[in-house]
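Below, subunit A partners subunit B and then partners subunit C, in two separate complexes.
This part shows the complex of A and B:
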């Protein structure tokens, strides 16, 4: 038995969905979708569940995470019901549903909450600096660099990093577990043999590292070479941004003592090269996606929820201030370095705390987990047969 | 056979410049004929302007009508003959209304008669010019399935049955001119402007068929075995060009045929959100006719909803289903062509769980919809003819006076006011002519 809730469409509208009741179930969206197959097919069934407000069914669905929003369903929908945007809204909705604190739902449905949280976390960082920062030493190192580790010793910041990472892991694993609980444990149609969790695990790693589905997304309507190129451009740029971000996160959380040094390494030093790679990746991706969203040049960039802008703006500011800290430090501008460093952390901290467990960056975890869970289920069904 | 000389020619010869008519009927299809005949039989004088070489509209090209399976041409040709012979009806074929200006209670109308390069009054319809002509081009009256000559009688039951020269493709070789017995081919013919005064106007200009090329996913024009429904209709008429149903690419007799409903209807992406009202039924009708023409062929109809709403329609649908035509719920999203010309249809199998599926067919028929003709308001120079939200002529008082438009004295009949089938068109034309008569009486 599944419950229906006719008011669900109004709830979902806050997460970005459009006139989903316009749908008359013709199935064009599902058959045009290049990622839909006989094991996982969407988006029509998700639209149906949303129109009826079958929240139990939506909560237990992996499909929204298997959609990478090429937008072909939206462009070919005869009712202009925007199935692509519905799937995006469901991802936002599910992010809020997986989150047991309820903060995610607040951030997605209230600009005040989102902005308030950003300001609060930024102020927290500022207060921490006021309380614990070292002296602003204006003398330079022998190489002519700023003595950043005197002002904000990497060792101390590293501890803060660890605390932050621990809370991120705490929230995110909790959410992933809730996802697992609803989509696998509560799904009575299939019993998963334990060994499948290991045999299918490589798929999680593979899809996390390559974002392979992006490269396949949207290649069903073939209007020549141009389209193919666009799909792969999107995939590569997204991959560039994603690897840049993950790389930075690893360096900051795992190896801050190595990454934040007073010594100015030569340009070819891995510390600098990796930093430049990540910064470039982030900039290229951010500029590409921002321009797309401003120009509304593709279907997926047509509709921008305010949380999408928050994400882009915060990430952009983080990247910009991060590279500025580096430039000011190696060119020997002490005050500029210190102030920008404070601002950098004032942006970075709220961004990670809000985006990673409660907002868009959780996709980075949910998407590969969804593919993994889905493959586990498919394998289990095959064994059953 | 047909009138030897038109009234206008007579009057022009007598030095009269302008003629007065009670009604101008724009369009010589089934709706226009019905309206013109009703008025003419009441004693009103009518001038009918038809843009094509022949009157008859689209109905004359159809095979059978639903749900009775009556022969379409057999119903419409007597009406065409009656119209063309009626003493109160003046017909201008291959002509277009250029401008209508309201002046008090009358409409000053200017009509352009385009040159067909054949003197209508003299042509006997012997077709010798057609035999002599060396140029072969695609025949628009057979919806490009076969060829025709550049000098030709439009189609066998054309009215008037008068030849025309397709000057675009003509090589000016003069072969037709040399063989024509009454010497009626005249390459010096020029466009002629005819000014008339009319007291009322009936718009019966009909509809445009949706151009299937506008949905590139279906590959019409690219994949040869994807045809539109009018092409299938021509393959099913008694005078069909191949004398059987063949697929265009290789002439193979198709073993399985798919229908794609709602091609260009109920589709906001191509700008036509409404139902065309005829495609479900004509596809069902064609499916029955295919079963007659190709007894071994399988026919599958892919639909979003079957709209069998008229008298006897649902029964006809059930009968067709019982005859073995398969109905699958799901809109076709895309068609691919295989090397051998077979076609792969992509759809969601909604009734069986919903997985995306493909199915292969020898031939695909796109059930193209009905679109409004959008140049009608331009004809009215000093009044505004409003259109409704779907670009059909706006019916200002739909329930009480369905023929009324935003201009007093201008009425609308048939598919100019919205998609409808043949019986509804005739009803609508009847109503429009009655309203016109009533208007003329009160004038």
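This part shows the complex of A and C:
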């Protein structure tokens, strides 16, 4: 017997823009959704749970993460209740629920908290530079480049990187574990044989690397051809952006000594080629998504939560300052390089600290984990049958 | 005996001729005795064929007419008119049905269909031969109508009849007018108060010279037949003079101590024994409830000069031509324990809820002194039952939802839970359902085989059910007030009323109309009309519509001052009648009486009451009764020809 809590709708409303009271349970969203099948009435089940405030059910659901927001449910909803945006809001809500520190909920529901945290972390970086930065050497290297490693030695920054990466891993792992706990361990309907975690593991890697789930979007739609085209453009650009920032993350956290050098490598050097690939990916992606959101050209771009803008703006500034650091360094502008480098880190650090474990960027982990978990569950159910 | 009969065999396009060999039918009957003309027609009902028949009757001097075509339900009146236009008596026309009973029924066997058609036509010809010319009976009628019940339907009908110039007797059982709607006060879907509506109608009722209102009055007995009924009315005393001294009565009311549950508020409040049901009740004269006076009887006696204590029940008889039954309905009363009713404190019916709203102070909805912040409706209580009241009460969904909207304008935010079987805010009210959803009301749907359960859970009245909208999951809600959305049932005294007026009762126990589509406000008893919720659950606007139709039907019946009766009535051959009286027992319409004709007891048919059903014919041991239009000669002739191949 489950008790209901209709006041939950007011809480959820802070996480997105949708009209929960408009829903009259017709089920059109569910008939159009490619994720829905006879065992799983998606998104209807989630909508109803939201209307009734059945938070246990929402907390233990993986479904919101399986949805890549093709927006068909919203365009076909006869009541303009915007179920697609409700799913988006549930993802924001779930991100907040997985986070045990409670910071995520604060960032999602209070602009003040979000902005405050960014400024605080940026100031922290500034203070660290004031305290620990090397001298601003204006002499140039033999190649005419700026001696960046004198001002901010890669070895030292690398240590800071590791500390940051460790804390990101700490928070994110904790959150993913909470996701696992609620969606798998507490689900009494299915017992997972241990070996399935290994046999299904390739799905995590596969979906993480390819974002294949996108291809399901728009499956049930009549004018599929056109939609498919749109979906694949989105998919390619998203993949470009995603591989770009993952690559950068790997280079910064794992190989900073190799990535941040005073030596100016020839243009074909992997350090430069990889860097250019990554920054192009980020730029193209950011421009594409920003234009989409400004023009509201697709269902998923119609509403932009302030946390979405924060993410886009921070990532954009990070990319821009990163490129500037590179240009100033190889053209031999010492002060410009040093100041921009400080700014670069002042943006980069809050972006990673806030977005990766507590906000938008966490979906990088939650989505593939959700697909992995749900496949593990499906496999376990098959065995049971 | 008719000797010059015209027979027309219709092809009905090809509806008949595809399966019945009409030429063969023609050949089989053309040489029969008495037949002077046989024709095959494409469409007998077409204008040109009708004109041809009229000409034939005149030119050939026909004395009988047979059309073998479709069901008489469809075209009997058409061809009777043809007969009249040709100068024939319409009762010398006989319709033979060779379509519904011939070609359509036996499309798999054209040969047999043709044989059957031949036999039927032959029988029709035989009947025509022995048919008699009959004339409609005309009786004078009273230009007066009794309307039973002064609720909204009754008052509306009475006012309308008075406007049409008929004398009207409006008879109300209660001492105040308005009926059920006064208990609602805040009317649904319109922003109007019932007390205003009733005041307007009451003022109109009082303004009509030809309208007499009887309060505290019940119809006791009725005799006679359509156009000429005698209705006996019993009037109970109010015990307060109509020219009463207001101050004195107020003083009396103040001194009275005894309290009884106020029926008007379903016992939610108590009233004194000198009372008005609610402050605005009309007429503005209190009633003395002597029966429940208790110790207050002494106080009443103190004031006897201002009261009418000697008054007894009074009986009067009025002559009327027609009756409109507008007795309304009762709310369904759940059984004790049905969905927690009368067992769990915060379970009430919807009608009680409407009173709770009216009795709540401004800005705060209160019940039993407690603030109500959430309300759970359970729908279809006493309606749409698998067994019992199978009908839908029609008004409840709309009114319950309308109330959830209006209440939120009147009080602080109240959350509504709608636990429903079906939601039927039909017609223009569909928009209410939408509005309720948008105001944040939450809807749950239960399967009709799994009724919700109301029980105490952790000290709170709780509704538990399997919600079909949540994949059949078991859900429970514990609102501050649980409202059983109860439907309509007939008034508790419907049987008594039905007995007085011989009104037919349907399976649902409401009064039954003669035909749901074609005669929606008439009953099979001529002159007895039904209006409003006495016929079945209705909204106020549906009630007034039916009241207006009933009024116009009554006027159509009576305004000429005479009534035409079908001549197909029972006729008693006094030479054969032995006065057995069996026919009197058999007659369902009390149309036969026994008279004394010079020492001999003879049965006599009251023409205006006889419906020509034929029951008396079958029971008469002396074969002394014949039914005009269905005489023994006609019937025997038909049977003879049907069994002769």
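Note that in this section the second predicted complex is superposed on the first by the 373 of 385 C-alpha atoms of A that agree within 3 Å, B and C clash if a C-alpha of one lies under 4 Å from a C-alpha of the other, contacts with A are read in each partner's own complex, and residues count from 1 in each chain.
In this text, contacts are C-beta pairs under 8 Å (C-beta built on N, C-alpha and C of every residue); 3 or more make two chains touch, one makes a residue touch a chain.
Small disclaimer: the values here were computed from a predicted structure and weren't measured.
When both complexes are overlaid on subunit A, subunit B and subunit C end up sitting side by side without clashing. Set side by side, subunit B and subunit C differ in how many residues of subunit A they touch, and the one touching more is B. Once the two complexes are laid on top of each other via chain A, the angle at subunit A between subunit B and subunit C, using C-alpha centres, comes to 30°, given in steps of 10. In the superposition on chain A, A:45 contacts both subunit B and subunit C.
By the touch criterion defined above, A:264 reaches neither subunit B nor subunit C. In the superposed pair of complexes, A:33 makes contact with subunit B only, with no contact to subunit C. By the touch criterion defined above, A:21 lies against subunit C but remains apart from subunit B after alignment on the C-alpha atoms of chain A. Contacts of A:347 after superposition: neither subunit B nor subunit C is touched.
By the touch criterion stated above, A:2 is placed in contact with subunit C alone, subunit B being left untouched.
Closest C-alpha contact of subunit B with subunit C, superposed model: 5 Å. Residues common to the contacts of subunit A with subunit B and with subunit C across the two structures: 24-25, 41, 45. By the touch rule above, subunit B contacts subunit A in their complex via residues 216-217, 262, 266-269, 304-305, 329-334, 346-350, 354-357. Touching subunit B in their complex are the following residues of subunit A: 24-33, 36-38, 41, 44-45, 75-80, 220-221, 223.
Here subunit C touches subunit A in the complex through residues 415, 433-434, 437-440, 442-443, 464, 469-471, 473-478, going by the rule given at the top. Partner subunit C is touched in their complex by these residues of subunit A: 1-4, 6, 9, 19, 21-25, 41, 45, 48-49, 51-52, 54.
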